[in-house]
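As structure tokens, the structure follows; a few thoughts come after it.
Chain naming follows the written order as A, B, C and D, and within any one chain the residues start at number 1.
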């Protein structure tokens, strides 16, 4: 199995800059998390964007799709902001022969209390176990693309149909 | 999907008792980890044993198998000590219609630096994505039962065949 | 010894709001940190402001001074943003019979890697050990008010004289 | 100010060895904690023993005293197991011209939830603020040697007199 990690930004990679008292998307947290978890599966990281997912537009989604289509790897894990993760998942549907799993976090990975580390494990367990298709891994659940939305009020993902 | 979490002990649940300056298997870390990760998937926890996995014998494995066979749930996640996790995995092979994933940790979940939280995510992502069978989720990798061993020297799991 | 904790804002209390993808000063981290550290010394918390320290002006400093002067407690620990902590320290000099220690953090207390918890311990150890006066506790060092500045380039505090 | 850090063992430095499923006193946590806290104060570390404090005997205490008496530094911070910390503190009373502060932890510094980091800050704030003498820094409180005991039932330190 060959694995590509694509990073697009989002809360999961938010860091805090004391110099500017600001909070921005930093470098990917994946290498540090994978090292701490002793991941031995081979993987390649491609940092694509550093955006809040509300800033992602159709051009960005086309670019993400193009990278997925052109990648040598058959398995792709994408880190993404939560606000439009479900939209990007739908925009990737239909790429033949690729298993794609999107994940992210509601609290930055650098926080002491965060869902980021668990979610990266969840996505990695799913991406190597699923048949080709596009999925979203959040709240301990693997959702198929097109059947999931973020419930902003409740701060969690849920199915749009009755599974 | 119905999920059962079975706990058998191991490093993942080790806690430290100041009173005795000792280190013992405590209650399961799963509820706290799942809450922090915002897991919305329904699950039931059954604490079965609190043993170091080197202490587990054939009777213990028969008991674990019996619980798996009798469980109403079709998907089972087992937390287990790492030393004999591969042995227990093999002892569970052949239960019809059940997807069983074993995981654990090389460092206790209560540690600041640990693989426990990531591994629980990994196992949860795998257990809901795989067809019936028995698997082991460690080092970011999903191994089929019977084709994995712990490399004690290197402190990690590896395949016994060439996949 | 009677201890007052005054909070004025700053990086130490920064939290992240997923709803708005924003980063704001939240409630004081002191109660959670003191509970985890098993602090048995009696203390009273007075949340005064929630500002980045660059936003603090002369009126704010006059308000902080007034609260210190009027407090029943003889020992006061102030959490404060780092950018103007040295300025506020100087503005509090000369209050008779009070030992005042200011501290804060370069990384939010909610982060996994942070100086906040250590700094609160440092300030608490100092405030109950020093004679009346105004001090700043950062970088593992107790500085007297008026002889310390933040080195923005290096991201640390240093003396302005040769001690 | 010149600072010596003496380490004698105890829960604060407990680590977990997966190889043996055991829990032993490891190397001192002080360098990592001081680096994370950005400590700029100069200090020297002398690892003296790696014992649970119940194992410390009169010979060990004589050795600790000898190192304190002979040290070039006037300020000494000692990390120590909690069970006999109060006993060692008393055994160090009467060394002229030295400010000595003992601290430790009820939960290992490597734990995610621990008093170790706060306590090291507390002790460092105290040792540079106090006049010569011997003190114990635990539970957010600076106790004078000879007037403090560990309450084993409650798992905390308390004064033996009415302060």
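A few remarks follow.
In this section, a contact is a pair of C-beta atoms (placed from the backbone, for glycine too) under 8 Å apart; a residue touches a chain by one contact, two chains touch by 3 or more.
No experiment lies behind these values; they were computed from the predicted model shown.
Counting only chains that touch, the fewest steps needed to get from subunit B to subunit C is 2.
Taking each chain's centre as the mean of its CA atoms, D is the chain most distant from subunit A.
The distance from the centre of subunit A to the centre of subunit D, with each centre set as the mean of the Cα atoms, comes to 44 Å.
With each centre defined as the average position of its C-alpha atoms, the distance from subunit A to subunit B rounds to 25 Å. A straight line joining the Cα centres of subunit B and subunit D is 38 Å long. Touching two or more other chains at once are residues 106, 112-114, 155 of subunit C. Every residue of subunit A that touches subunit B in the complex is listed here, in rising order: 33-34, 36-41, 106, 113-115, 117-130, 137-142, 155-158.
Contacts from subunit B toward subunit D in the complex involve residues 11, 14, 16, 18-19, 21-23, 52, 54, 81-83, 106-108, 110-114, 152, 155.
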